[in-house]
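What follows is a set of structures for review.
The two complexes that follow have chain A in common; it is paired with chain B in the first and with chain C in the second.
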Partner chain A sequence: MKKWGEVALGVVTSIGGFLEVGSIATSTQAGAEFGYRLAWVLVLGTLSLGFLMEMTGRLAAVSQRTYADLLRERFGYRFFLLPLAAVLVVSFLVLASEIGGVSIALQMATGISFSWWAIPVALLGWALLWRGTFGIVEKGTALLGLVAIVFAVGALKLHPAWPAVGRGLLPSMPRDDRARYWYLAVSILGASISPYLYLFYSAGAIEDGWTIEHLGVNRVTAGLGNLFGGGLAVCSLIAAALVLAPREIRVDRYEQIAMVLASPLGRAGFVLFLATLCITCFGSTLEIVLALAYTMAQGFGWNWSENLKPGKDARFATTYTVLILLAAVPVAIGLNPLTLTNVAMVATAASLPVTVIPLFVLMNDGDILLKHTNGWLSNGALVFIALLSVVLLVAAVPLQLLAGG
Partner chain B sequence: MPALASRTIHVGALVALALTAAACGRPPELDKQLETLSSWTATMQLAREEHGSGAITTTYATQLRDAASSALEETKQTIGQTAHSKVDSSYAAAALDSLRTAIRALNAETGS
Partner chain C sequence: MGGVNLAHDVLDAQLVDHRQEKIGRVDALLLELEDGRPPRVATIVIGGAARARRVGPWFVALRRALRWLFRQRAEHVSRIPFDKVRRIGDSIELDVDERSLESEHLEQWLKERVICRIPGAEGEQK
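Right, the complex of A and B next:
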């Protein structure tokens, strides 16, 4: 019974945790510009993330070590610096985008410019990390993030033509503006398969005390949670396709996105959109800054746990303190949060090989995973994701220059 | 107000016609600028409708208007360099005018 409670909570937190600034921005941009045609990319990203989370969760539950720990132990300290640097740079950009997302939501609600909100948001986040526990950060913000279900309500209220949505789940090539189409596809994948998500998930498994007994919980959480979370991202694409695309409105600023829910749901939709943007981005801010602090602490062998008092893991606490305050700077100086988000998503996509390819070696290491090494399905998926990550590495920068705007 | 609204729609239709008719042979940069103007014009029209129905707040509608005004100003500065022919210049002028009208219509709706 307790296990099923954990499964339910895990699924719920995954739903609330999946939707954040990157997925909201890229899926609504995709819906506004290409209707349902990029829905297949969301499905691909969701499935890929589901596999990666299941694997890093299994790795942590069986070995009692996080993915970052094992990266350093198995490949050596020098190699570890490569994924660490890549994750640090791209996740820092994503972190700044999330702070931008919260700030822009507060701007839309109050009329006070987003740049004024960046530092207070960062300070609030820091205070929660300093005073709170892992349970509060993980479950508290994710449960509040369930407000994101409003995207599903909005999409249903707009009565989409389901056969057309179904056709969007199959890859297709647009007749024109192909560079922009692929640029958005790369951005969606960057938003869906962010390394911080599986690094955080792996560290969370250790924080929550997972063991081999939790492998079932892990599978269901990674599978169902991502399925529902990805479903919400598809719903935001559908809403944008039905509200913005017919009017030929391109999403150039976050301010335009609120219309996708205000149109079908009226004032309630508008308010719930602001709440969704604010809560999900704030939750992701906490998750990213923790994922970065975890990765550094685990890599360098420091004490780490969000459940410890800051005095007991001073270097870990200092890391998240510095990172969250630094990440507020780009937003505080007035960088357009949407531009920041798009650049962050493309950079994330380009960084994937350094965290995805080593996973293949670890997931097939019998000394680490005993009898729980990858089967043919997981290995097939991982090879596919690794190849996809290499394609993204090659394509991301040229597409950013060609169609990033 | 209704006159302003019908003028917005009229100019919008002209811009749409111009965009369709002249899709070939225009500099890609100009195409992008016209798309931006047309997108913000449509955003203003939607914001006016949604504000009228009470779905969005005046605070938010004002921010949208400011964002559209910024886009208008930015495009106004650069569109002259990309619209080389007379025909291109007239499309650009119509698109700018359409957005100006839409912004005025939203202003009238929000009472600002």
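Right, the complex of A and C next:
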């Protein structure tokens, strides 16, 4: 019974974890500029992330080692540096944009410029990491993150034409402005499939003490959680398509995104938008910092656990302390958080091959996974995601130059 | 075929001390060569210098430059005789104490000089 309580929590966690600054920004930009036509990319990103989370969760539950542990153990130190460097760079950018998201929400609520909020937000996040346990970070932010459901309410209240939404869920080619269309597609995929999510998830499986008994819980969490999370991202795209597209508003500042909910829901919509932006970005801030500290600690073999006192894992605690404070700097010096977000999403998309392709080797290793190695469906999905990741690597930079900003 | 595959099961494996504290990974393995005797696996090495050599000369140079920049002279490397190995499994348990290891210098330094000066750092579990 307790296990299914975990499922419920897991599902909630994924909702809280899925909808964050990157998804909100990229899916509303897509809705504003292309109506429902990019909705299929959200479906693709959500499905891919679901598969990756299920696999890294299974890997941890069966082998009692995290994905980062196995990257070092099975591929050696020399190779390990490649995913480590890639994840550090891109997740640092995403981390900065999450802090930017919280700061923008606070600016809109108080009128005090976002750059003043960056350091206090980072300090509050640090204090929570210092004192809080893994359960508090995981479940606390996730439960509060449920406020994101307001995007579903907003979308429904706008009475979308469902057949048109349905057509958007099927892949389509752009009719005009091709570079921008594909640029947003790449950004959406970068926002959905973020390496920190599955690195965090696999470390979380160890923190929560998962074993082979939890494989069912893992599958349901990864599946349902992403279904809900992706569903909410689709809702924000729908709302943007109905509110921003007719007015020909192209999103280049976070303030404009608030209209997406303020238009159908009035003042309550505006307040709930701020709450959603603030809470989901803050939750993601904590998850990214932890994911980076986990990856460092596991790769180098340091003591690590969010449930230990910082004195017991000094290098781990130092890592998250330094990272969260450093990541506040770009926002504190006044870089536009939305620009930061867009660059971070494209960089993430380009970084995927080095964390996706090694997973294929590990998931088919019977020494690690015993009889729980990948079946044809998971392998098919993983090959597809790996190919997709290579396409993203090649396309990301040219598209950023052609159509970014 | 019994036996332990050094490259697969030992190199890069997680090391723990006698109290199960994590003390790094197997960064290098050394063979002992003595005249008239067959070579044998003699030493587990933990430390940044050993890791850097596995990446390549450019990485060793980069590391040296950084150390010069931060005025770091001492190399904090642990060389542990292979007969300290107690158990080889998911991790490798060594009959050593974390606190006495040179490679744990940074951990101890950060703990004493930085982390434990901030309130709420001491103790076991949160």
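Rule of thumb we're sticking to: the second predicted complex is superposed on the first by the 405 of 405 C-alpha atoms of A that agree within 3 Å, B and C clash if a C-alpha of one lies under 4 Å from a C-alpha of the other, contacts with A are read in each partner's own complex, and residues count from 1 in each chain.
In this section, contacts are C-beta pairs under 8 Å (C-beta built on N, C-alpha and C of every residue); 3 or more make two chains touch, one makes a residue touch a chain.
What you are looking at is a predicted structure, and each value in this text was computed from that prediction instead of being measured.
Following the overlay on chain A, a side-by-side fit with no clash is recorded for the pair chain B and chain C.
Touch criterion not met for A:Leu170: it reaches neither chain B nor chain C. In the superposition on chain A, contact of A:Val394 is made with neither chain B nor chain C. Of the two partners, chain B and chain C, it is C that touches more residues of chain A. Contacts of A:Val383 after superposition on the shared chain: neither chain B nor chain C is touched.
In the superposition on chain A, contact is made by A:Gly269 with chain B only, not with chain C. Shared-chain residue A:Trp302: touches chain C; no touch with chain B. By the touch criterion defined above, A:Lys312 lies against chain C but remains apart from chain B after alignment on the C-alpha atoms of chain A. Note on the superposed arrangement: chain B and chain C approach each other to a least C-alpha distance of 38 Å.
Once the two complexes are overlaid on chain A, none of the chain A residues touched by chain B in the first is touched by chain C in the second. Residue ranges of chain C in contact with chain A, taken from their complex: 11-15, 21-25, 27, 51, 54-56, 90, 106-108, 110-111, 114-116, 118, 120-126.
Every residue of chain B that touches chain A in the complex is listed here, in rising order: 35-36, 38-40, 42-43, 45-47, 50, 53-57, 59-60, 62-64, 67, 71.
Within the complex formed with chain B, the residues of chain A that make contact are 107-111, 243, 247-250, 252-253, 255-256, 258-259, 262-263, 265-267, 269-270. Chain A makes touch with chain C in their complex at residues 63-65, 69, 72-73, 76-78, 81, 130-133, 300-304, 306-312, 314-315, 317-318.
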